[in-house]
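Below are two complexes that have subunit A in common, paired first with subunit B and then with subunit C.
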Partner chain A sequence: MSSEMTTQPQYYHDEIVKRLVQFSVAWAVLAMAAGVFVAAELLWPTLDMGQPWLSFGRLRPLHTNGIIFGFGVSALMATAFYSVQRTSHVPLFAPKLAWFLCYAWQLLVLSGGLSLLAGMNTTKEYAELEWPFDIAIALLWVSFGIVFFGTISRRKIRPIYISNWFYGALIIVIAMLHIVNNLELPVTWTKSYSLYAGAQDAIVQWWYGHNAVGFLLTGGFLGMLYYFLPKHAGRPIWSYKLSVVAFWAFTYSYIWAGPHHLHYNAIPEWVQSLGMVMSLVLLAPSWATLINGVMTVSSAWEKLKTDPALKFIVLSLAFYGLATFEGPMMAIRSVNVVSHFTDWTIGHVHSGALGWNAMITYGTFYYLMPRLVGTELYSKRLANVHFWLALAGTMLYIIAMWAAGVSQGLLWLSLDETGELAFGFRDIMSSMAPYYGLRLLAGLIFLGGTLLMAYNFYMTTRSRKTVKVEPPVVDPAFGVV
Partner chain B sequence: MNALKLHKKLEENNALLIFGILLVSSLGGLVQVLPSVYQESLRTPEANTRPYSALELAGRDIYISEGCSTCHSQQIRSLVAEVERYGPYSRAGEFVYDRPFLWGSKRTGPDLHRVGGKYSDDWHRIHLVDPRSVVPTSIMPGYPWLAEKDLRSDDIQAKLRGLRSLGHPYSDEEIENAPAQLEGRKQIDALIAYLQMLGTGFVEPESGAGDSSE
Partner chain C sequence: MEEKISRYLLFRTLYEPKITFEVLAETDPSAWRVFSSYSVWLLLLPPLFSWIGAYNFGWRLGASEPLVLTPATLTLISIAYFLTLLFGFYSTAVISRWMASTYGASSSFGRHVALITIVGQPLALASVAHLFPNVFFNVVVMIPVMIWSMYLLYTGIPVALQTPPERGMLMASSLVGWLLVAAVSLLGLTMGLWAAGFGPALGV
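Right, the complex of A and B next:
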């Protein structure tokens, strides 16, 4: 890495970042609208109007894939590209490839979504897309890695900042999981059979499924946290050492926890027990990060009053703490007996998804968008309204699903004095309607807030150009030789 | 603090960091997942478990394509109440011909692992087209198009051959005759054939407890 002295100025490639943020917001709106629609279908099952592509079983995977791969991954790419440039003090490596990735990824999510509606589906959760898409995902993921690690290897500053390890782990581990879990034999252009069968397929799938949550929905977004939280708060991360230890503990222990999705299922007992123990262990690195985050903002409480973006991020930390506490509890076999297969799981998912993933992303976007175009946010008031809508929507969603899930779980299991089942399945099903109604309302509120944000960004960036930012000159003492 | 020194190296070297992450994150999979993939007992069928017939396989693929598994599990846990409600708990050996597995993660509807033989074909036909005509409070979607659309028969041989290459024991004759089994039928016929064979791969030894009833 020689420091060639070029005279013509080099700028950060922030246009790509802006475009990815815009795509991410668009996917958030679309995929959450799909979530609201499937929530409504559980109340009014004839909403699909006899149309196959509006049917619950096809739309639900569209909701999860659209949100995770459209909204989530676009947001992660945007923030990874923004922060890796600034922590390396160089523009993106291979910007043309980055632009290609930016658009090709959207095309992939769009066509993949349409294929789900057409009934192409492997049913392996969060890996529902069929084999042609699996190959495309793998190739695009490699280009993500090339751009990201390429930028790091050209960096002008010696240490690789902590946020980049989390983004790096996202890229590497998801690649490994994706390839292994999707090994399948194509039999036609639209259909394949998994190379694993039955119980083995289940074990591989949940090794993937849990760690897609771990390294994408948790680890990837922790990368976002480690860069943008200190930026927002205007002070460095509270303990760098703690973040180092937490990173390696996290990377090591997450991988083992998958079998907590298969308690009391037809897989070996030792695999389940190991999964449970490692899930409890996971609490430690998860909360180490929580503590680090809270301590970092603890001296910036003043800013909280005026900065809606920071409010979102601090709230997201609270929900991160909740979801990573609840998760290990649900991984205990005797608790899982009640929670498994019920709406409790759905509540847990969305406490993480809405409270943690969506909120931290919103907070980050509120920080980014005005800066990218060099102006103030169009309306701080709207952003504050959005904050309260997001909080209300999330709380209502979680509470409704807890109530639904715990009662479902207990009623399914309850036996009367003679040892017979106390309640029929259909009676329990019918009693869920009020909770599903509340969840629908919660979804509408949350979606409403997201629409406000989209409008706010539109007004902020309308007819404005992305500002050009030059990397700063690096003090040779810290630079790469 | 030797560990931190080692870390300092990692933190300043891109390639080492990549390698470190790969190493640390693959340990769990190697120790926990890999042995399961080679474990014989997870690949040995139960005495009564057989590969799906051409019609059942086509039905299973419709079940997959419609996403029935987003609402229905096929996994009876080894719990008293569960055995009481659905029947004998699920054995690993019953799933050896399942690609992919369809155990599910959410029970909006009841478990279907032992639904085979529980209802008549006609009941399923009516229920699938319009669930509320037999269960007035049902929140299951209707599938009217399954009763109208013809079953494809042009891809079944490729499917059976593919599965044979993965070790499912189909004979040349079965593959030869497969399209004829599907021709002239509707999609719903295949789906019902699949539903009716679910859970029949396991027969409880004579004195077994846990008889299933409503």
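Right, the complex of A and C next:
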């Protein structure tokens, strides 16, 4: 270990972290509000008031992109920057680039969102943004990588903690997926065509789509879990070895699972079967992490008394368990034949997005925000109310979509006595209205909780400066030689 | 003591759940006695109500005419429903006792069986909604009842199984995790059976 003495104290760059958290919360509110609005449109289609930019087709990608790239990625950048500094015992590498990334990313999400409202759309799910935005995303993502890996390369502590492996995988794999899936021929500034065609295009698209779920919404957030859960609980991770094994098993098996989105489509049957089998294999590393998380928090139960944030993390683990079990099950072809093209899929996505992603992020933010400004949370009571609203909203959403999905699955495929399909699309969809009403209510409840959190953070951080934290001295036994 | 708990089980738990949990904490009932006197009768209600409702009105999914099935098919479905509930009940009690050592809770199996009975009782009684077998109506009735059952689970574990509230909260969340997985497995299994040719005629 080098024992060099610096004349000027160095501090962690936590101001960037705070700003990214604030942006993330703002996007959560906006994108969830868009979700609530499109949910209402499914009940009352004339809500679009004849305006194309208010139509379901344009607002729905705004909702998904706003949540994934606005809320999700901002949260991942914030938590990655916070934890990589502390696990490397050095301030961020290239802080100016990190600041640039912080604001440029928000500008990108905002302008990308507006382009979706204007009708620019590649028609690839979760990759709807047109080619100028694709290039900007790639460049900014590389900046993310430079800041993150630059910090790790300057670390003062020898081991690279497990959360950094997950964040690292997020950065590398998302870059690969994004670039390969978005190879396209620009025709005008606002229109391009994919380099792939037909079934090939579909396979590449779902290789991207499923691994975006895998490495961003699962892997990235597991990075968050592995750093903040032990910190929060004040206990080391239950089994570090298990976390490393789970990481490699997760990384290896996830990448194959994409074709389960294309069951019974015009792709080779063996590709479908491979996708199905690898999806089932995926259950093992997913639940290894679940067990690790549950056992870590189980030994820190005293903390729950004083810490409303830990409750969010506990519950996020329950929903992580559900979503990572439900996914492989829905990838089984004989289940998928009924569940595909039903609202069960939407319910599954939201058990992950609301129950896992949003809850782990909320728990982490409740931990971070007071610490970043060196104070107590403005209101623990509001945080507790938020917890119950989040739980109620998620449960209501999932159950409504389960019931709608099973009914739809049955109705889509029902045959009459002549062997023809018994019901038309319109009949089935109009019978779904009551479930969509429940879903709208669920969305409003969840959004209400998020607004309470935003208010709580505003009151916690207003007119307070970010605390300056110096990296601690590294134990020579673990220092970089 | 066992007589005391038997006075509370069934109806009194509905309006005095906290007292029932406290009484349960002081006793060590026989698992078989609780099951044979209370749990099994509650588990019989949903299949019974669904048989009567489906026989008289047929299941309404929304878009279609009521789905009317023959009494023989209905009996088969009700038996399968009962066996599934039985499996769900027993496995939850076993898992609950298995988790008890991790969360420092009582390991008395009788108490776990009684607790799961109390938690599931509102759901069993609310299955009276099956008498009108409209899917949406049943969802609307069951959701608030399910929230009440979850409330009973979260408040009941620390008191009845004598563990600190925080550990009880963790144990309840773990059980909720198991129940969610069990519920979704049931959906998957049902769809798998449909695809395999059991149940309604589907074009798969």
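Convention: the second predicted complex is superposed on the first by the 473 of 481 C-alpha atoms of A that agree within 3 Å, B and C clash if a C-alpha of one lies under 4 Å from a C-alpha of the other, contacts with A are read in each partner's own complex, and residues count from 1 in each chain.
Just so we're on the same page, a contact is a pair of C-beta atoms (placed from the backbone, for glycine too) under 8 Å apart; a residue touches a chain by one contact, two chains touch by 3 or more.
Note that the structure is a prediction, hence the values are computed from the model and not measured.
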Touching partner for A:Val337 - first (subunit B), second (subunit C), both, neither: both
Which superposed partner A:Ser430 touches (first subunit B, second subunit C, both, neither): both
Partner chain(s) touched by A:Ser273 [first = subunit B, second = subunit C, both, neither]: neither
First (subunit B), second (subunit C), both or neither touched by A:Leu185: first
Which superposed partner A:Thr345 touches (first subunit B, second subunit C, both, neither): first
First (subunit B), second (subunit C), both or neither touched by A:Thr375: neither
Contacts of A:Trp402 with subunit B and subunit C, given as first, second, both or neither: second
Touching partner for A:Trp301 - first (subunit B), second (subunit C), both, neither: second
Which of subunit B and subunit C A:Ser414 touches, first, second, both or neither: both
Common ground on subunit A, meaning residues reached by subunit C in one complex and by subunit B in the other: 337, 413-415, 419, 421, 430
Touching residues (chain side subunit A, partner subunit C) in the complex: 294-295, 297-298, 301-305, 311, 314-315, 317-319, 321-322, 325-326, 329-330, 332, 334-335, 337-339, 344, 392, 395-396, 399-400, 402-403, 406-407, 409-411, 413-415, 419, 421-423, 427-428, 430-432, 434-435, 438
Subunit C residues within the subunit A interface of the complex: 61-64, 102-103, 135-136, 139-140, 143, 146-147, 164-167, 169-170, 173-174, 176-177, 180-181, 183-185, 187-188, 190-192, 194-196, 200-204
Complex interface listing, subunit A residues touching subunit B: 41-43, 45-46, 48, 50, 52, 55-58, 60-61, 119-125, 149, 152-153, 158-160, 165, 168-169, 172-173, 176, 180, 185-188, 191, 193-205, 207, 215, 241, 244, 248, 251-256, 258-259, 261-268, 271, 274-275, 278, 337, 340-342, 345-346, 412-415, 419-421, 424-426, 429-430
Subunit B residues within the subunit A interface of the complex: 4, 7, 11-12, 14, 17-18, 21-22, 24-29, 32-33, 36-37, 39, 42-43, 61, 64-71, 73, 75, 77-82, 84-85, 89-92, 94-110, 131-132, 135, 137-145, 155, 158-159, 161-163, 165-166, 214
